[in-house]
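Shared between the two complexes below is subunit A, which has subunit B as its partner in the first and subunit C in the second.
Let's turn to the complex of A and B:
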């Protein structure tokens, strides 16, 4: 359970990091909190020649609000969000997701950027940020680009980073107080990777909604227009019209053949919808 | 890094750490995690190592005052940090209260989980003065205990929390804390080259070309279907051509064919950053009457750490329109070792789906008389052939 030997470097600036990524011979992995990459290194599933520690870069720990968007540096931790050390633009939605990720010692080092780049289909941020409609900001030597999370996550453990690129920040749109949010995951043991995740962001006033069915085999199943889940329209009474058959059909169309698996995912999504329809803020759970 | 630190030994890095209040200079290989630095380098063996992949919580220590996994914190990641181990909590008032409560409530038996459990419990006591039993159980869920059934541990933590609440002690809110992973310093540049790899030599590597047992009960099963725009007989005939099948299967390479129905070779698979190359043997049986066949195989990855055994039952049938075929695949497999520890069946199915799609495309191209399209970017077959050649050369003493 010891990693294969690797070199370690800790660049002090983003420019130095991007230069090193471009020039280093052999395989290179970036590490932030190391809570996803660490197990893979220890199990020798990944054996890079060089590990670049990006936590020394001050810009990756910066947080700011740009208009209606919260910009979180890639190295902001789950505990930073859980403890409210970053501004809340989502009515506590991010905080509730963060507080139920793995365990507190993991949350103290695990980062939002690292979790997204690792792209485990059952990871909380992969699913929650997709449902929220967040973007990622990618930095490379040739400049910056912004991608929606659903285009960033391309498969199980696969993301749309080109060689020499890194995830710099996550851009989370604010949730207005009229927007309903529900996020439910099903774990057999608290803190383990979820077996099913359901997430919905519903704006009844605008008649719009997004839904994500996650912890599936590939990237999460996103319904960018969730109206088919509610009989074709979204309004204040959306929860009562939730159509489990429509969700089941969507999963079947996405290739989930096992009826029991579909049932679990649809049930968890239904719970997320029910949670979204409950207006009073939920008590902060250490884990949901 | 401070100039006072002398040059470290080759392949090692020098770190300034404050451990249990003492400023120290330690040397470690970049791949060493904090648990090993503490135990092997500083003889602080109170930090226990269990799973070494972040699940069991035995190695939990305080980094800059906050609990963190020592096994997932590499040496270079905590340069300049303040580390507190169980040895450093002797005079800590909360830890003293917890020790007394653990003693009273029989909250330990073998003691293996106890150092990590106390560090985690101390954090709950400080942060969550209103926690009820459920919250405490959730808070302790990242620390595994195999002796007590947790009942005594939960009682002990509840008692300490209740006592402190009665004394009116407020929670710690962590408002003064900076953003980012605990223990990671901004701008602290440390670097060390890779230590010379002490790899297992190819000659001793067990490339388990095991003999295949006749009975096999797979742990996982899934089905897959491939549609091809060619008649079933033509598809079945092609599936009988082992060389052609291997050429169409992404990542596969044949190295030997000891007899007509046995093949030896390898398969390179890739899930995100994980690449594993399985080498092994497969036996193939076919039934011309039913256009069906069975492939039984077993293999292990290069270091012999992960092993797999499996079978593929296939049946070629008529497709939806005349002149087309549908191949039904029934795949059963068992995976052991680190890959199994990490992977979930769903990830394997996703991978199998992608391989099957490429396989179908290549088969179709071949049946149409075209060469199988080359894989974009990295060519796993060439890579694998090179690897296998090097290994064969080593086996025969030519390297």
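Let's turn to the complex of A and C:
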């Protein structure tokens, strides 16, 4: 379990990084926290010619609030969020998700950007940020572009980055106090990748909601308009009207043939809905 | 009891270095010119080797079976009638029979470079059908792991004690029960560093093993060199559990390589090699029927047990120890009149099976205790009632059971009663009947076992395997300043022997534990021993250390009497002093006299001096029988299959406890592994014999949050046969938890029509069973 040979460089600036990505011959991987890439290198599942360490780039550690939007640089760690070292516009939702990612040593090094680019379907940020309606900011030599997370995650371990591009920041919209949020994951043991994730962001006053069913084979199943899960209408009594059959049908339509798996995913989604309907945010029950 | 003697709860002296990161493991050894080894391993479970292509640039750094002239395969033969012998080649010849089998050795200055070379070697393999299902493997027409056998069965055994007399019992309960295949997962993997000592013309083999002397036997036989040319050094060992009680092909390969190259070589097992390539444990399958009266009294047990023993018979315990042991220990702590058990040790294209902590007992306990709960349900009785009816009673001790096992002592019903009281069964059942607000279901589970430990010559000579324990020996030597050195041939892989054996010595000699050093893990410095296995060391090495110290004490008294100008009969030994009628002399003074002032000794002094090697066997060598009752309370989420252990009680009897802290540590550690067996750990294989986990992301071990804070209650019924009344307890913690937890889960889910009969009881399996029983979430809540 030792990696195949590779070159290692540490660019001094974002511009230098983008130049190097464009000019380096052979395959290139960026490394930030290395919590997924490290084991993949050791197992020789990836054998890049060049690894570019981006943890020293100040641009990727930037954090700011732009109006209603929180902008988190790609190299912000899970622990930065868990420990409250970055501002919050989500009423603690990000903090609660971060605090239940894997184990503390992983959270100390793992980054929000790295998690999104790795795009494991069972990863917390992939699902939570999609449910929150977050965007990603992508940088390349030709400029920047912004994509919603659901268009960025194109498949299991697949993202919409073009050659020479990298994820620079995550843009998280605010959760108003009238917006309900629920996030539940199911693991066989603490710290394990989830077997099922349910995430909902529901605005009863506006009659709108988003739901994500995650830890599935492919990219998370997003219901950008969650009203079908609630009998076609979202209001203050949404939780009571949650329709497990509608969720089950959505999973069947998405190709999940295994009834046991559907049952678990629907249960977890139902619990996320129930959590959203409780006035006080609860600690994540499946990952306390 | 003195403050440091037998029975004292002393913190372990070895923890000072181990907890500060100052342990010295094989992986810490640095030698000039060391070459690292990576192996080319078979990617297929079963294939014929057509060719091995080694790139020209690496010709002198890659070695295959063709280079290994004169090296013999590993043969672990059993003398049981009908046993079929497997030959485990050090490097594959002709065929590969398991994923991970060694095909070629690659050397380089670093492991990473060696892996680069290994990756460049190309294997041309013709894949053969993989034998991956032990039941199918027994059927005619199955592909064959060893063609010349004609079938895939290492050994078939049958025990029948009047089973027909049970057939008219009013209650007959049959179940198919099985346990998943596991890996042992010690924190430290295997590792071997071999160097040459030209002065002694010796191979010095540093290897993480529980049995240095047995490894030397095996290496000598495989390499065809005399034992005197091999020295085994096992430094600190980071957990063994049976995984470090087998000779690996890697060990033989490294020795051959060091001889060939004339320079030191190293192989350190990585986690992927451990999980996929080297050894497995636990995979049992039972078809079991219990016959009983309506009051729960057992009339008989009838069983067919199959064990997936893997591709090769592992040295020294052999491929049949596990299955054949099933037949002899299935009756557990119970007394019933009729019994039949047929067993099969089956060869498959998987890693060899080896005896993991608890050996066959964990599987046997799982099968028997689950079927006892099924009897209880059929009879409309609480599970404890069926157990109370059938447990061997204290008045029957010592008791010879239906398979001629000799239970030395104990009060099994009392252990069960104390466990029920501690867990407060009545309160748990009241809570259970009230139901939970969160929809989870409460269950109470019990499990009782007894464990034969430290069994010796009379038991193992019957197996006819390469290793039979005889007298255990220990050496004790006073240093010139009155300190004590102990030497034993068994080895600690985490048991705290440096503390507990010093306590035994202190009990007799009064030397402070801090001034006693245990030398072990080195064939050059210790008496022969079969090593640390079978929960035997505290009984055997403890007895041997006591015997050596007693002889040392008697010699000290004779010298001391001369110094006190009196006769030995006038003296007694007390608190490290020889006390005579008119004065006393400390051990330090006696040691100083022997070594440094011999002119003060009596002319007829014993020339043996203050160094003694003594041997020991218990009064009977059929083994001690420790036992325990485990009681568990769980909350099960029927929708997600999540199991939370709410409470866990262990009432155990290890006889006289030499160090209660160490015993508790053994029990907690065993429990953690038992929880793994019960709920998490399983190495699954696909239809081509491919192991489906290669990292701990896929092979789940319980973590700190998943292991309950068990409450331990000790009974102390001394064994009548051992030096201090101590019984072996090292494995027991891992035996009962799978049965106790599965019974608790079944108690919780029984009203939904669910009965879990396969370990591990995973969330997925629970949800599957709940849905198959047709009781969805809504019905589940109503049934609460």
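As a convention for this text, the second predicted complex is superposed on the first by the 282 of 288 C-alpha atoms of A that agree within 3 Å, B and C clash if a C-alpha of one lies under 4 Å from a C-alpha of the other, contacts with A are read in each partner's own complex, and residues count from 1 in each chain.
To be clear about the criterion, a residue touches a chain if its C-beta (ideal position, glycine included) is under 8 Å from a C-beta of that chain, and two chains touch if they have at least 3 such contacts.
Because the structure is a prediction, the values reported are computed rather than measured.
Applying the stated clash criterion after superposition on subunit A shows that subunit B and subunit C collide. Touched residues of subunit A, counted separately for subunit B and subunit C, are more numerous for B. After overlaying the two complexes on the shared chain, residue contacts for A:260 are found with subunit C alone; subunit B is out of touch. When the two structures are aligned on the shared chain, A:186 is found in touch with subunit C, with no touch to subunit B.
Within the superposed three-chain model, A:43 lies in touch with subunit B and with subunit C [touch as defined at top]. Residue contacts after overlaying the shared chain place A:207 against neither subunit B nor subunit C. Contacts of A:29 after superposition on the shared chain: subunit B is touched, whereas subunit C is not.
Once chain A of one complex is fitted onto chain A of the other, the partner contacts of A:80 are limited to subunit B, with no touch recorded for subunit C.
In the superposition on chain A, A:268 makes contact with subunit C only, while subunit B stays out of contact range.
When the shared chain is aligned, subunit B comes close enough to touch A:105, but subunit C does not.
Residue contacts after overlaying the shared chain place A:2 against subunit B and subunit C alike.
Across the options 20-28, 200-208, 344-352 or 380-388, subunit B meets subunit C in a clash only at 200-208, per the superposition defined above.
Comparing the two complexes, residues 1-5, 39, 43-44, 189-191, 193, 286 of subunit A contact subunit B in one case and subunit C in the other. In the complex of the two chains, the subunit B residues touching subunit A come out as 11, 13, 29-33, 36, 51-54, 57, 60, 63, 66-69, 71-77, 79, 120, 123, 128, 135, 138-139, 141-143, 173-175, 177-199, 223, 271-274, 276, 303, 305, 338-339, 341-342, 344, 346-347, 349-351, 353-354. Partner subunit B is touched in their complex by these residues of subunit A: 1-12, 29, 31-35, 38-46, 49-51, 53, 55-58, 60-63, 73, 75-77, 79-80, 83, 85-86, 102-106, 108-111, 118-119, 121-122, 155-158, 189-191, 193, 216-218, 255, 257, 285-287. If you check the complex, the residues on subunit C that touch subunit A are 110-112, 115-116, 119, 270-272, 639-642, 679-680, 694-695, 697, 700, 702-703, 705-706, 762-764, 767-768, 771, 777. Partner subunit C is touched in their complex by these residues of subunit A: 1-5, 39, 43-44, 186, 188-193, 195-196, 259-260, 263-264, 267-268, 286.
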